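In what comes next, chain A is part of two complexes: it sits with chain B in the first one and with chain C in the second one.
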Partner chain A sequence: MGRKLPRKDVVIIGLGWTGSIMAYELADAGLDVIAIERGPWRNTATDYPPGYAADELRYRIRHELFLSPSQTTFTFRNKMDQTALPIRSWGAFMPPNGVGGGGVHWNAETWRFLPSDFVLKTHLTERYGAAFLPEDMTIQDWGVTYDELEPHYDRFEYLCGTSGQAGNVKGTLMEGGNPFEGPRSRPYPNPPQEQPFGHTLFGKAARDLGYKPFPQPSGNMSRPYQNPLGVRLGPCTYCGFCEWFGCGNYSKASPQTTVLPALVRKPNFTARDNSEVTRINLDSSGKRATGVTFVDAAGEEWEQPADLVVLSAFAIFNVQLLLLSGIGKAYDPETNTGVVGRNFTHQTISDVVSFFDPTKFVFNPFIASAAIGMCIDEFNGDNFDHGPHGFVGGGYMGQIQTNGRPIETTPVPPGTPLWGAQWKKAVKENYQSAMKPGTGVHGSMYSYRDVYVDLDPTYTDRFNRPLARITMDFHDNEIKQNKFLTDKFAEIFQAMGARQMVKEYRKAPYDVTKYQTTHLCGGAIMGSDPGTSALNRYLQNWDVPNLFVLGASAFPQNAGYNPTGTVAALAYWAADAIRSKYLKNPGQLINA
Partner chain B sequence: MVGWKMIGFPGIRYDYRDWVGRHNERYPHPPVSIAGRADWTPAKS
Partner chain C sequence: MQDFAAVERGRYLTSAADCGSCHTIPGSDHPFSGGRPIETPFGVLVAPNITPDRETGIGAWSDEEFDAAVRSGRRRDGKRLYPAMPFPYFARMTSEDVKDIRAYLSTIDPVRNPVTVNHLPFPLNQRMAMAVWDELYFTPGIFKDEPSKSKQWNRGAYLVQGPGHCGACHTPKTFLGGDESSKPLQGYTLQGWVAPDITSGQGPLAQWSRDAVAQYLKTGHNQFAAAAGLMGEVVELSTSRLTDDDVKAMATYLKDVSGPKPTADSSADAKVLTAGGAIYQDLCSACHKSDGTGVPNLIPDLTHAATVNTGDPTTVLRVILQGAQSVATDREPTGPAMPAFGWQLNDEQVSAVASYVRNHWGKAQREPTEASRSRHEVHQSEPEQDAKPK
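This part shows the complex of A and B:
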């Protein structure tokens, strides 16, 4: 064990969205807080200023803001009888690194989950009967309800300055918003962003087909905004370099643009960057965390003692660190016992690329922000009757195209050669009149007994620790869901007047080289039963009560939305539980 | 920038607030790169 540093009240592992929120809340409560971050500190002005932030090759293709797989990676396999191999170039998801975490490069799509998503098992069983669910599906209720989380969603949206149109304010449906959303206590802090041509056309076609389209809730500012912490964001300029990039304009909600400026002013907050926590230390009883061990950039090992440990790294790293620290029983899919690693999920994404008559349509696809667009929610969650369709789950869908960046976004019709004069001609002809929503169908992925995370038996990281191993494949339920949703999505582009459409269904086997989203979820899930969850409803570890684990790792299954709104709402919910309950009487908050 | 000119990508113009609402109108300005524009830079000799 390394040299011992002075004790702190709280040590925070990972300074992304949840770590920043929790650090602020606990420092605000007067506690002495230190955050330890694996990657570098990142500032808008020095790390991605407008002068070079918009470098597609550097950031989109060469992944500068992401974790380098040479630093650490995961192994992957589809099935339990296969040998997993290390991922050496990111594909299906893009693990973040550095201060701000995924909040630096995210799209800022700021959704709330449906009220029924939080009681999914109960809800689906009551409506369709237990026999309707696949036998090996392991979905669970969350142990927390939408109504309990509502004030915390609200806090995050007002922290971020989310731009959007409310669909349901205290039970009153609002024209132009999402009629399926749970009741919100007040409208979004900012109005929706202005929509470009193609996105507007999608909204009109959807309305003509009888749907209720609405602007995607967005952390891209529709106007200047000052948040409750006194931090100011500037209006978005629709530059089209947002997703995969840092925003040089202070226009995208991120920890840097919303909470860190207020946090670093607190004298009782300190941070160490380029320092990787290798272990959460326990006392001899195994029931109490004594702090963490980390390795700094020079390779020196240190021990940071603390009374309270907050694990707030990216989802799968939370799971890995719990396994490496021996906290909670590791999940065993053979016996269906253990909790750490179970109910791991991702997302079921697909797209429809459509081609329009270039003499009639000029979309200017480069005019965009990352959370722009018009969506419908008719086919999400349980917003429609699944009875006739034989699957559960769903997703929102929309024309949410984020860019016209020319390396990535030059769609050409099928049959076009991959290079040469014919390819150039097709790119030129279609660049302005093709539509490529990207993650257009944002489908849920529910949990299964044979989809999980454990420690790899062969491959290790630079500290000789086992890599986390992902075992994941798509199940028939998700494939059916995606087929149904993608076909519905294509009907809208047909109604817009597309002359050709390419339906890019998501199919099995799960392909770790094809980008979907970075929404890895589960593995250290919350719940009401210590036998099937690693955390209680306050994200407190069942076995080690002075450990809270934040992030999407707590999701028992993934819904048909981007997760960050829910991830952040849960962080505020946990912070509130620590401030109002735990600090008064440190110990297990739930007697299970 | 030949490719960008060919397809009509304006590079990093950065601020399209004046054009986001001008639907189905071709964007009129030539491309700008992260190094600026050649015709903004004086000739070397």
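This part shows the complex of A and C:
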């Protein structure tokens, strides 16, 4: 045990989106708050200024802003009977590191989940019958409803200055918005971003096919904005260096551009960067957290005592730290018992690359932002009848091409040589007239008994702690879902006049080297039953009531949207529960 | 016995007079304990300890001795203070004002911190020389209302000319460091920053409304400019702590101070401006916009920022080379920063883009914009931003 620091009211582990939001809310309530962050402090002008923010090699290819696998990593296997090996270069997802967390390099696609997503098990069982679901699918209701989260979604959107077109304001459908979204209490704080040519064409083709396309809700500013904390953002310049990058000109919502400037002014808030929490400490009863142990940049170990512990690291690190701290029963897939590590999910992403006549189409793909795009939501969640299709789940799809950056934007038609003069010629011919939406089909991944996180029996980190081990593969349900959605997606490009299309279906086995999204979810899920969830509906740990665990680790399964809006709404929801309930009577908020 | 109302008045005046800016080392947990070096054109002076410590602070001083130091520039031993202590301005305060400041300072934790003030070279280290200076530049006497002006104007004039001591930085100085009283607030360069010409009439603040000036003082930001460097400190420690009425009063008075139009820069070469314009569009326009107008309260409007439109390019060059962190205040907590470009642009390129910024939008300057001199000068001081590729 390291040297003991003075006690704080609250210690927050990880200063990304959820840590920043919770730190602000609890400091605002007058509590003495310290946040401990594994990575460095980051500021716009010193860490990603416009002078070199647009460096594709540095940030995209060499992963400047992400966790370095040499610092820590995970092991991975598809099946329970395989031996997992450490991931040594990020592929399928990009674990964040540093102040701001994934909020620095995210796309800022700011979605809400569907009302039915939060009661998924009940909803699907009622509509299709229990037998319609695969036997090993372990989906659950969340224990919280869309209506309960609505005010918290709203707070996050107004914090971020989300640019978008409302589809449903208090039950009234709005022209041009997403007609499937749950009712929102008010429109987005900012109008949608301007759409580039190709994105506009996609919207038109989708409309002609009878869909209701709408602009993707974006945390890239469509105009200057001052949020309720007084913090300002500038208008987006559509430079197309957002995803994997920090925004150099204060135009993308991030903790740095929305919360941290207000948070650091609070005298009762402090932060330690480059310090990694190695353990949440418990008292002798094992029912109460006494604080955390962390190691600073010099390798010194410290104990930070606190009355309340908030675990708000990246999803899988939340799970790992719970397992390493002996909090909650570890999940065992053989007996289907235990809670920590279960219902781990990712996303089911695919794409359609389409080629148009260069003499007729000039898309200028470099004019973009990370959350730009025209989408349709007809095939998300349970927005359509799954009965005839034999699968559940879905996703939004859209022309959401985020950039035309030079190193990676080289779509060439099938049959083109992989290198040499012919390849160069094809790149030149197609750069302006090809469409490559990237994560064009954004499908859900539901949870299964044999997809989970536990501690690796072999590999350890620099502190000799076992690495987290991921066991994950695609199941037939998701493969069917993806086939159906990708074909529907391609029909829209066909209607736009593409002369050639390449459907890049997602196929099994799950490939940890191919990028999908960074949306790792689950492993420390919320719910109503301590037998099948690690957290109650307020994200409070069932076993250790003075521990709250924030982030996508709480998702019982992943929906067909980007998770950050829901992650942040849950953080506000938990903060509200702490402020209005827990602080008045610290203890378990739910009697299960 | 402490008079709470007097202490509160004193606390407010201590902010208005920005005592903490010199008498506290930035970031120190011991306010007013001195030790901060103050660069002057003649050498370095170190601000003394003004906590109530009896040995190393001012705890043993009588109120009369304190008043003599603040308003007459006289030390306890009768010797003269250097005018880095802006007593020629503080002389406009009443004895009651100064007594209240003393009352407030007496509530501060005493800190033992002996400070050697005088680091000037001979013969300037001889305080006798100050007798001549006082004769030339020091006019005693409290502020007198101008009866033809409004109450608000007079309050503003008192704050600007008295405790606020704005002219200490913003009024041009003679070779002896005294105010050029015929050119009030027409700009002066000190410690590597320009305290720009802040006159209206035809001066750089001509287009700023009274409310824009007040907003700048209160929040550090407005639609035109952002306070950084020394002015950032002034806003943080002084003007942001004043009431809305007082910053409006200061703005009312300042808007009534007229100055001439900054003169055109005949040396601005068309080729240089073309090169500067290309660099501007490449590196600057993402934030400051193609037309230089920026984003209100976030990114300065280069067509209206006083530091751009003042005669001396020092701040423009410094900020391009080194970057700048703007001030964060309760009303404007964002604190946006300008990144450094000194690692990326050579002297010629910095000069070109500075010339473009200072000439392109219709306001032009006397002096050619030389980056090499500035690069040398800013390297003497600590870098504002470390934005080199790591």
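One rule holds for everything that comes next: the second predicted complex is superposed on the first by the 592 of 592 C-alpha atoms of A that agree within 3 Å, B and C clash if a C-alpha of one lies under 4 Å from a C-alpha of the other, contacts with A are read in each partner's own complex, and residues count from 1 in each chain.
Just so we're on the same page, a contact is a pair of C-beta atoms (placed from the backbone, for glycine too) under 8 Å apart; a residue touches a chain by one contact, two chains touch by 3 or more.
Computed from a predicted structure; not experimentally measured.
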Task: Based on the superposed arrangement, let me know which partner A:Lys424 touches: chain B (first), chain C (second), both, or neither?
output: first
Message: According to the stated criteria, A:Thr410 is in contact with first (chain B), second (chain C), both, or neither; which is it?
response: first
- request: For A:Phe366, select first, second, both or neither according to whether it touches chain B, chain C, the two together, or no partner.
  value: first
Query: Now for A:Tyr238: first (chain B), second (chain C), both, or neither, which partner does it touch?
result: first
Message: Applying the document's definition of touch, where does A:Pro196 land relative to chain B and chain C: first, second, both, or neither?
response: first
Field: Which of chain B and chain C A:Tyr515 touches, first, second, both or neither
entry: neither
Task: May I ask you to decide whether A:Gly51 touches chain B, chain C, both, or neither, giving the answer as first, second, both or neither?
output: both
Task: Classify the contacts of A:Tyr505 with the two partner chains as first (chain B alone), second (chain C alone), both, or neither.
output: neither
Field: Shared chain A surface residues [contacts with chain B and with chain C]
entry: 50-52, 235, 237, 239
- prompt: Where on chain A is chain C touching in the complex?
  reply: 43-46, 49-52, 58, 224, 226, 229-235, 237, 239, 248-250, 261-262, 265
Query: For the complex, which residues does chain A have touching chain B?
result: 50-52, 54-55, 194-197, 200, 235, 237-241, 361-362, 364, 366-367, 404-406, 410, 424, 427-428, 431-432
Query: For chain C, which residues count as touching chain A in their complex?
result: 283, 286-287, 295-299, 323, 325, 328, 330-341, 344, 385-387, 389
Field: Sites on chain B touched by chain A in the complex
entry: 3-4, 6-10, 12-17, 19-21, 23-27, 34
